[in-house]
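Below are two complexes that have chain A in common, paired first with chain B and then with chain C.
Our next item is the complex of A and B:
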């Protein structure tokens, strides 16, 4: 046998390997660049706005009327509009979502859950513009039959559809959290003479609480950023109100209104959308961080 | 002494509470499902009459009877095609890096946290990013390519997270076997990990695409037009898309346009249904082939 010359195994794949690894690394870096891009765009464009309008006036002003004279740049009416929608959505989605999660996780068998959960998740996959249409042409006429004095554009119909929209987020994530609670806790409950209700609501639910609250926070952050349903159904009247039957305007709906209108780019009126966008981004970012923290705590306990 | 009567009464009450709570839980679950049914029935009832071949092959019009979604359908097709082209390689690449190559250190954790946060950023914020970076800075105008790039950034976190799940589901024994036989990391990924993870990744990718096809707000931000009477032919052409056209019709006061919006919604939902069916079928197909 001729002696086999040892090929240089060592360096054989190294160059290609490094090239590919670098390429893959750059793909991952795109996400970091996206975040930096968002922060940079919002800060630099808002800076142009805040050079003329003081942040104090912006964040504490009670009147929002940037497009007409006399102009006012107080963002609180937009924030209150967003919070009103979020509150209404929360009233619908949080209890219903939690109960649905208890059913999926504790009462239904594997097969029922495998059918029901995907159906429920379809609700989260339906485009938001469809919900807007549904709010405008189905929910509002229905509400008008019940309360004739309700306005055509009202916070109630938008809040209802946003609630339906975020319901699967709450149900699905809370179900995951409750199913992660170890069976031993349930057996311990039964061994002490608990009923199914006691085990589900007084053992599993509290044990999964941080996971469930995380699902609440994520769902509400979705409601805050929701755009199309509120633009179509809630109206374009920024005002400080707690009345669900009135027309209001959310932060997102305002941004859409300006970008659909003919406000010239670069004017102070136009720059308002970046200041409002920055406010929206910071609020949702804080909520997401909170949800991540809660989830981390939950995983630490059970994984 | 032990009072059995009291115990029995107590037990009865506890069982009643159990029954009531079960009822509440079932009702809550059904609430969402029933509403899904109501929503679909309402839309089909409103839009069914306008759904014909004329609707699919006409451009938008001032007259409800002549309005159609040809330009929106083509615009959406262009948009999704380009978005897939940009986002799938980058998303899958990022997930491979994070799962198969990255060291478990603070920087990887930072990227991971960053992706989780990006997934929850409101879509309208991506629209502002696209408006400033792609439309203004890179001077791409209000074109198909601006829309597709914006949409790609929007769905990238979804693709990365779904692909990572698919990669995590591959047992380590496959990795060890490949490495033990002398393959390099990339050979291991290319020849063993990717083929096994493919069905899972595909499902995630199609779900991300169906999110992109229904997104409206970012396209409004970058200035996709609401009235387009032509089909885009180049990446640099202006365009409209299905959800934009639906939004435009739904926001008009006339009742006829609401029905046309419903017809557009039916087309959009059928498109979504087809994509999801393809995702499920192809996953089943590939999974059968492997086992």
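Our next item is the complex of A and C:
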């Protein structure tokens, strides 16, 4: 006679499950801790800097010369350099990217789209250092042919390649936003005797606007943080200027210059990179936050 | 040929196929002016496909193939010389699910006149259209609000107003009440009686009571074919074909 054992319904410790859960949690916590660590370093090192240089002088000073006497710690020339590059990149990438997205989403047929979109996204995979020497060895000589007075290192060629670099972000995300607009709105437009142009630009584009603007903000946030191309092509001359033909310096390029140079660690000159880094971090953080808000609003409307 | 009015829309041996699926077969139908024609039939019988053939909205479906003829005022609308944009301005459409643009109430209604380059007062045109759609009293003080802020029934009347503002000759309606509550449905049905004084209305519905209440003529479709077409009264009281009788008495469908 065989004994029939009742299956136990009591809670059991499944060791494997706990192991996996703990392991996965540790993986997740690594990135969180790293981020917190970086923020901590930025804040504490910047604190050391701001004990000696007042934040007022830092954020309102018009001259940036921390490495030479007489020293000046006004970050505005670096911010203006960054914004100049961002502005130039925006002039190129925002309209082109939006029109590319309109084409992909509204005008191209399925086959064309299936070929074009991956190619566009490959642009995003090109190493930024390649864009940098593309700017130096191709764009700058081209600009010099058109405008001989342009400097070897100039904001224009850096802005152009950064624009090309962020173009796929704008095009791809705006395309996604426009394709998320319900087909019923397009049909409403067409049934009212609208042309394809009317439907694309007056129905779909405005309906996807918050998603498109979010793509702008994300792309520009990338342009602000972009380092390699601007370090190579835009020069190392902190300057409060709106002239694209001059050499400038961005926040990122400055950080590279000091990190790679022979500035002794621990000196006030060295501490500047943390203050500049913190400024950069806050700017891109705010922009990413804004983009998230815009995207959430867009999704709310159509989900 | 039913109806005392002139036919405004006519199909001759109309066939529509999606790939290998023949959704609509050999339809010969003539729709009289300034009246309401209902197309009824069970789900998948091809009634919406037939409706969309009248303003060439089937063209947005990739694999669709249309043969035969659809005539609007004696003109075959499938000829290559026909400008589909102008065609759709003359033959408007209201959809199953209300689909106002995410714009203000005013801009929704002004859309048609605006893209047509209407020279007169948009304000006046919008007001007229909203009045004809029996929505004016509810929205006259909030024309700058988002059309999506209205209730479902109001949104559908907004879509009707938007279509009316184009001054079309024909209004196609694809189950316009199926997403609405009974009170909103009733309001739209009342509205249809007003509208047929000026427009020709073709309405697809799977609600037989609705067809019986509102339409002058009824076409019954089954499996892609037009089974019977005639004055609504006759279709519902003395149908000639057995299938029609079974459907209108609720034996299947």
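As a working rule, the second predicted complex is superposed on the first by the 293 of 303 C-alpha atoms of A that agree within 3 Å, B and C clash if a C-alpha of one lies under 4 Å from a C-alpha of the other, contacts with A are read in each partner's own complex, and residues count from 1 in each chain.
The rule is short, and it goes like this: a residue touches a chain if its C-beta (ideal position, glycine included) is under 8 Å from a C-beta of that chain, and two chains touch if they have at least 3 such contacts.
Note that this is a predicted model, so its numbers are computed, not measured.
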Overlay on chain A: chain C relative to chain B, clash or fit: fit
Dominant toucher of chain A (residue count), chain B or chain C: B
Superposed arrangement, angle subtended at the Cα centre of chain A by chain B and chain C, nearest 10 degrees: 100
Which superposed partner A:203 touches (first chain B, second chain C, both, neither): second
Contacts of A:195 with chain B and chain C, given as first, second, both or neither: both
Partner chain(s) touched by A:167 [first = chain B, second = chain C, both, neither]: first
Partner chain(s) touched by A:56 [first = chain B, second = chain C, both, neither]: neither
First, second, both or neither for A:187, with chain B first and chain C second: second
Partner chain(s) touched by A:146 [first = chain B, second = chain C, both, neither]: neither
Shortest span in Å between Cα atoms of chain B and of chain C, once chain A is used as the common reference: 7
Residues of chain A at both interfaces, chain B in one complex, chain C in the other: 195, 198
Chain A-touching residues of chain C, taken from the complex the two chains share: 55, 57, 60, 62, 85-90, 92-93, 95, 97, 99-103, 111-112, 115-116, 148, 159, 162-163, 166
List of chain A residues in touch with chain B within their complex: 13, 16-17, 20-21, 23-32, 34-35, 37-38, 41-42, 45, 95-100, 102-104, 107, 116, 119-120, 122-123, 125-130, 132-134, 136-138, 164, 167-168, 171, 195-198, 200-201, 218, 221-222, 224-228, 231-232, 252, 255-256, 259-260, 273-274, 277, 280-281, 284-285, 287-289, 291-292
Residues on chain B engaged by chain A in the complex (per definition of touch): 14-15, 17-18, 21-22, 24-29, 31-33, 35-36, 38-39, 42-43, 46, 89-94, 96-98, 101-102, 110-111, 113-118, 120-129, 131-133, 153, 156-157, 160, 184-187, 207, 210-211, 213-217, 220-221, 223, 226, 243, 246-247, 250-251, 258, 261-262, 265, 268-269, 272, 276
Chain A - residues contacting chain C, complex: 110, 182-195, 198, 202-203, 206-207, 301
